[in-house]
Amino acid sequence: MINDVILAAKGLTKQFKGFVAVNDVDLQIGRGSIHALIGPNGAGKTTCFNLLTKFLQPTRGTITYNGRDITRMQPADIARLGMVRSFQISAVFPHLTALENVRIALQRQRGDSFDFWRSERVLSGFDGQALALLDEVGLADFAADPAGALPYGRKRALEIATTLALDPEMLLLDEPMAGMGHEDVDRIAGVIQRIAKNRTILMVEHNLSVVARLAGRITVLARGKVLAEGDYATVSKNPDVIDAYIGAGHD
Amino acid sequence: MMAAETRNARTEVAAPALTAPAGAMGMPRHHLLIFVGLLALGLIGPFVLYPVFLMKVMCFALFACAFNLLLGYGGLLSFGHAAYFGSASYVSAYAAKAWGLTPELAILLGTATAAVLGLVFGALAIRRQGIYFAMVTLAFAQMVYFFSVQAPFTGGEDGIQSVPRGHLFGLIDLGPDRSLYFLVLAITFFGLLLIYRIIHSPFGQVLKAIRDNEPRSVSLGYRTNQYKLAVFVLSATLAGLAGATKALVFQLASLTDVYWTMSGEVVLMTLLGGMGTVFGPIVGAAVVVGMQNYLATLGAWVTIIQGVIFVVSVLLFREGIIGVLGRWLKKPL
Amino acid sequence: MTRIRNFTLAAVAATLLSGTALAETSVKIGVLNDRSGVYADLSGEGSVVAAQMAVEDFNAAEKGITVEIVSADHQNKPDVASTIARQWYDQDGVDVIVDVPTSSAALAVNDITREKNKVFINSGAGTADLTGPQCSPNTVHWTYDTWALAHGTGSAMVEAGHKKWFFLTADYAFGQALERDTTAVVEAAGGEVVGTVRHPFPGSDFSSFLLQAQSSGADVIGLANAGGDTINSIKQASEFGITQGGQAIAGLLVFLTDIHALGLETAQGLVLTESFYWDQNDGTREWSKRFAEKHDGDMPTMVQAGVYAGVLHYLKAVEATGGKDPTAVMAKMKEMPTEDELFGQGTIREDGRKIHDMYLFRVKTPDQSQGPWDYYEQVATIPADQAFRPLNEGNCPLVQ
Amino acid sequence: MFELLGIPPQALFGQLLLGLINGSFYALLSLGLAVIFGLLNIINFTHGAQYMMGAFVAWMLLNYLGINYWAALVLAPVIVGITGVIIERLLISRLYHLDHLYGLLLTFGLALVIQGLFRNEYGISGLPYQIPPQLSGGMNLGFMFLPNYRGWVVAVSLVVCLATWFVIEKTRLGAYLRAATENPTLVGAFGINVPRLITLTYGFGVALAAFAGVLAAPIYSVNPNMGADLIIVVFAVVVIGGMGSILGSIITGFGLGLIEGLTRVFYPEGSAVVIFVIMAIVLLVKPAGLFGRAA
Amino acid sequence: MTEAQLMERAHSAQGSSLLTVRDVHGWYGESHVLHGVSFDVHAGEVVTLLGRNGAGKTTTLKAIMGILAKRRGSIVFDGRETIGLPARTIARAGIAFCPEERGIFASLSVEENLMLPPKVRDGGLSVEQIFELFPNLKERLSSQGTKLSGGEQQMLAIGRILRTGAKLLLLDEPTEGLAPVIVQQIGHTIAKLKRAGFTIVLVEQNFRFAASVADRHYVVEQGRVIDTIRNDDLESNLDKLHAYLGV
C-alpha cells in the first residue's frame, strides 16, 4: 500500500459509443514516485491518461488530487493545481521562439493576465529563467529559433522545458519516447530522471526498457482494466502480464 | 486552427533575434519606420488625394486590423464582424443626431455598444470552433441586421442621415473635411497602435500560443476560452470604433454597414493584405476601398473582381500582399 | 467612379457659327441611379438616355451651353450615393444631380446638395419627405411621391367601391409611410382598413401573408412595398388566385418595368398610379419612340420621363439666368412654369414639389394588349391640384 | 368555432402547410449542404448561388432552347451539377490539405463571382418563369386555397429528400459515402476511388441546390440574388440541425419551415429572425446542434 | 548478418516472392519512421513483423498499402512496382488491409461493413464461406458495426477483406485487446486462410500467437528489418527474441 498518495482514481470508467475503454480502474500514485502506466495496444492507457488530466470526462468514478476531488474540474484548473500533462505528439507553439515557448509557461505565474495594454517587454524579466530552463534540456543555443523549425527530438525537449517552467508538483507524460531515436531516448530518460526529484511523475510508455529503468511502480492495463501493479520485477514475472504482452497461442 | 498552413510556410521567415532591436515603444526598428511612414502619408494625404476617400480608407483599415486581431492572432474566423462595425455606426450616428452628443462622446458610445455586443455574441460563439464558429457569428450578425431593418431608431433602409459632425469637445468645428480628417487620422492611428500593442503584449503572447496549440495552452493552465472571449471583445470594440468614426465621416449610418457582405469585405481585405501580419490589413483595405471607388463604373464587375481576388488569394496567395513582402524582406511585417 | 459620357458638344464652334450673344456656360449633369440593382430597369441607363435627349432637344450647343453628362451606380445604398455625390460636387465639378431612385439614397443626396449648395432634381425616389420635413431650397422633386401614389390609388379604389382594405406592408420606414398615407386616404374617402400584416424586408415568400389577406374579407389588398417584394407579392397573389377570388390588388409603388417583368398573365387587373405612360398622347408616343430607339426598344418609365423633363427645365433656367449659379437657377426654375411633351404644363412649388396631373391605370389582360409594352388602360386622371400633398401639410420648413 | 390564440384553426392549418412549403426549400438546401459537408468538410457558401443557377438554367432552357419545366427539372440540376464537378476538380480539390475555413472563403468568393456574372448579364429585377400549365390553378382544401404548384413542391421535395436519404442510408453507394465520411483513407485502401466519390458528391449536393432552384423559379422571381440571403438562413438551419445526419437535416429543414410559418401568423415582423433566435438558443443548450455529433 | 544475406536466406526459404520490399523509408509528418525496410513475402506463406511498439511495423503495412503519405524506396507486388501508386490502385492489384483499430464504420451496419470493399478479382471467399469462418457475424448482420464486441469487430474486419479476391492480406495486430478464446479462434482462421492459399503479413505483439501461425518472422526495430527467424528455428532463438522485444 502506498502511504502518501498524491493522485488517486477510484472506479474510473469511460464509455464511448458502445464500448468501454476504461473499466472500473483504481489507481494510486505515491508522492515523489515515478509511476508508469503500461499495457498492450488498446489497453486504454491513453484514455485513462486523458481522464486523469481531465481532457476527457469520466462516465463514472472519482479522481482526487492531494485529497481534493477534481473529478468535475476543467483541464486548465488542474494545471493550476500543479498537475501538468504532456502530449504524445510534440506540443510546442510552432510560431513562437523556443524562448517564448518556455516563457508562456513562466508567464502563467502572473495569473490569467489580460493586460493587453502592456508591452511584452514586461515579460523580459522571465527571459533569464527561460534560458536556464532551455539550457537544462540542451536548447540554449536554439532560444531564438521558432519552435516549429526545431527537429523532432528537440521539440520534445522544448516541451519538457516548457512543462518544467510551471514547476509542477506532478507531471503526466504521455509516451515521452514515442517516435524517438536511440540517443534521444537516452537523453530524455536522463532528463526525466533529473526532473523527477521532488516531483511525482506518471507516464504512459511503451518502451519497457525505459520503464524498467525509470519507474518505481508500474500499473499494467489490459482491455480497460488493471491487470497488475507493482515494481518492474514483480510485474514482469506476473503470468497474466506475460500473457497479455506475449500473448496466448491458439493451440 | 485557421491558417495553419500559411503559418507553417512562414516559419522559415520568422527568426527574430532573441531581443529584437527595439525602437520606441518596444517596436523593432522597421516597424517603427513603417508607422512613421504611415503617419507621414496620413499627413500629406489630404493635400494629394480626396480627403473623404482617405478617411474611408482609414476607417476600413482600422476595421480590417481589428478583424485581423481576431483572425490572424486569435485564429478565429468571424463571418459577422459587420454587426459590430454597423451597430457602433448606428449608435454613434443616433447619439450625435438625436441627443446632440459631441463627436467624441458619440464615438465612445458607439464603440461601447460594439463592445457589449461583442461580449454577448462572443460568449455564445466561442462555444463552437472552426467553420461552426464562422457560421454562428454570421447568424448573429444577421440578427443584428434584421434588428437594424426594423428598429425605429435606425431609420430602416433610410438609415440615419445628416448626422452632424459637430464640434470636437464642443470646440473645434469638424464640418470642414480637413479638420475632420485629422481627427480620423488620430483615431485610426491610435487604433492601430493599440492593436499593435495588443499583439505584442503579454496577453498577445498567450493569444498566439492558443492559436498555435490550444490543448497545450490548456495544459499549461490557461483558461483559453476567456482569452478567446477577451480578444473577441477587443476586436469587436475596435471594429466598433471604426464604424462609429465612419458614421461621422459620411454623416450617415446605413444598412450597408451591418449587411453580411460587409463581413465578407473585411475578410477579403485581411486575406488580401495578409492575415496575421501587422500591416497587411491596412494595405488590403486600401486596395479594396480604392477598387470600389475607382472601378465603381464597372458595376457588378466590382463584385466579380472581388470574388476572383478571394478565390485567387485562397488558392495561390494565402500569405497576402504583405505576407509575401515580409517573406522577401525576411522580416515579419 | 463616374462614367463620363463625353457629351460635350462642339460648343465653342457652335457658338461662333450661330453667333449668339450668350456667354458660354459649361454645365455638368450627374445622373446618379441604380445601374445594376432592382431599380436599374426603371431608371438606370434609360435615365442617362433621357438626359441626353433633353440636352439634344434643348439644342444646348446652339445656345452656348456646353453640357457634359456623367453617371454612376449608387447600388440603392445611401452611403454609396452620398460618397459619389460628395465626390462629384467636391472634385468633379458636377452642378446638378438628377434621378436618384431609392428614398434613402435620395435623402442622402438631398442633404449633401444643400450643404454644397448645388442643384438636385429628383425623379426616381418616392419619399414625400423630400418636399416635407427634409425639404431643401436646392431640391426639386419631379415625378411622383408616395403621397401622390397613395392618394391616387387609395381614393380611386375607394370611389370604385373597394372599401375594405388589407395592407401587405414591408416592415421598414418606407413601407410604413406608404401604408400610413394610404390609410389616411382610404379612411377619408369612407373606406376602412380591416387588417395589416408587416412582412420582413426584403422577403421572398409572401404566401403566408397573402393567405391572411385572403381570409380577412377585404375588397382590396394594398401592397405597401417596393421592388422585388412587390413583384413577388403580385406573382404569388396570382398563384393563390387572389384576383380570381374577387379581391383587387393595388400596387402602391409599381412601375411599367415591373409589369413588363411580371408579364400580363400575372399582373392583369392590377391598379396603380403613375404620372406618365408612353401611350397617352401623340407627344408622349413620339418621344417614347425616339427613346426606345436609343434604348434597346424599351419604353420609358415615368422616372426616365421625369429625368428628361427635369433636365430640360434646368437647362431652360440656366439659359434664362445666363449662368449656373444654383440659387439663381433654383429661383428661376420655381418661377418659370414648366412645359414639355411628357408632363404637359406644370409648376414647381416653393417646397420643391413639381406639380402635374397623375393618372390611375389598370393593367390590361393579355387579350386586351395589342403588343409589347401595351400594358395600361387609363382609369382616371387625378388633376394636378389634387394629385399632390397640399403645400401647408408637408411640414416643410421653407414654407411659412 | 373556437380559436387558437385568435387564429381560427383552419387558417392555422393553412399557415402550417405554407410553412411546410418553405421548409421544403430549407430541407433541400440544407440536405445538399449536409451531403457536401459530410464528405468534403466544407461549408459550401456557393450553395445559394448554385440554387440561383438552377433557376436561371431553367429559365435559359425555356427561353433559348424552348425546353419546358419538366425537362428543366432534370436537366438544370445535371447542368449545374456538372459545373459543380468542374469547380470541385479545378478549385476545391486543391484545398483539402488546408484548414476547412479556406473552403468557406473560396466558396464565398465563388458565390460573389457567380452572382456578379448573372447580375451583369440579366440585371436584378428578376425574370418571369411561368408555372407549368399542368400545375397551374389550385384546389380548395376548405381551410385554404392551395395552388397545385405549391402542393407539388412539398410532395416532390419530400420525395427527393427521402430518396436521397434512402440512397445514402440504404444503398451500396451510400455505404461508400458514409464510410468515406468516417475514414476516407481506409475506404481508399479498399480500392474505392475516394477523390471521384468526393467530386460526385459535391456535384450531387450542388445538383440538389439547383433542383431547389428550379422548383423556386415559378414562385419566386428568378433573380441573381435569390440565393444570397436564403443561404444564410439555411446556414442557421444547418447549425440548428447540427450537420450530424442526413435525416437530421431534412427534419430540421421542414421543422423550421413550420416554425417560421407559425411566426408569420403570430408575429410576422419576427419571421425573418426567428430561425436565428432558435439557433442562439440551441447553441446555448446543445452546442452540437439537435442531431449533431459532439465536436 | 547483412541485409543482403538476410534476403538471400529469406529467398531460399520458399518459392517466388509475391511481395518484395526494398529500402523503404517512410514519414509521419516530419517524423522519419521507416529507415530502409526490406523484406520479402512469398506466395502462400504467413509472415509476421515482430518488434516493439513504435518500431515501425504498422507503418510498414501502411507503406505497402499505399496509405502512408510520404514513402520512398521500392515495393514490388506481383511483379509490379507500387510505390508511386495510390492506395485504391494497390488495392485493385490484390492487396487488402485490416487496420489495427479495425476500422469498423459506425454509420454502417454489419452487413454493409461486410459488403463494403468491392471485389477486385475472382477467387475471394463467398459470403457463406465467411459466415462459416465467423458464424457470429451471421446473427448480427443488421446491427450497427461498432455495436459488436471487440472480437466480433475483428472478425468483421478480417471477414470483409476476404470477399474481395485479394491475394495478400495485411493484418495489423488482429489479436489486440481480445480475450484468449477469441485469439484462438482468430489463429484458427489464419491457419485456414493459409490453407486456402492466401498470403498473409501479420503485425503482432503477441509473440506466442505469432509463433503459432507464421512461417517466418521478421524482427523490426528502429524502422528496419534487423533479423529474420524461421518459425522452426524459433525455440533456439528465444533468448535473442526476448532481447529484441524487450521482455
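The chains carry the letters A, B, C, D and E, assigned in the order they are written, with residues numbered from 1 in each.
FYI, a residue touches a chain if its C-beta (ideal position, glycine included) is under 8 Å from a C-beta of that chain, and two chains touch if they have at least 3 such contacts.
Given the structure is predicted, the values throughout are model-derived calculations rather than measurements.
If you take chain C and chain D together, the chains in touch with both are B. Minimum number of contact steps separating chain A from chain D: 2. Where touching is counted per the definition, chain A and chain E have no chain in common.
With centres defined by CA atoms alone, the chain at the far end from chain C is E.
Distance between chain centres (mean CA atoms), chain A to chain C: 75 Å. Rounded to whole angstrom, the centroid-to-centroid distance between chain B and chain E, based on C-alpha atoms, equals 55 Å.
With centres set at the average Cα position, the gap from chain B to chain D is 33 Å.
Centres computed as Cα averages put chain A at a distance of 41 Å from chain B. Residue numbers of chain A whose C-beta contacts span two or more other chains: none are found. Counting only residues that touch two or more partner chains, chain B has 146, 150, 299-300. Touching of two or more other chains is recorded for residues 119-120, 269, 272-273 of chain D. Chain pairs that touch one another are A-B, A-E, B-C, B-D, C-D, D-E. Chain contact summary for the complex, chain C toward chain D: residues 36-38, 40-41, 171, 197-200, 202-205, 207-209, 211-212, 214-215, 227-228, 231-232, 235-236, 239-241, 245, 257-258, 261-263, 265-266. Contacts from chain C toward chain B in the complex involve residues 1-3, 35-36, 72-73, 77-80, 82-84, 86-87, 90-91, 102-104, 107-108, 111, 127, 171-174, 176, 200-201. Chain A meets chain E in the complex at residues 17-19, 40-43, 152, 177-179, 181-182, 206-209, 222-223, 236, 242-243, 245-251.
Residue ranges on chain E touching chain D, taken from their complex, read 65-67, 86-92, 96-97, 99, 103, 105-108, 112, 115-118, 120, 161, 164.
Residues of chain A that touch chain B in their complex: 53, 55, 74-77, 79-80, 84-87, 91-97, 99-100, 103-105, 107-108, 110, 112-124, 127, 143-146, 148-149, 162-163, 166.
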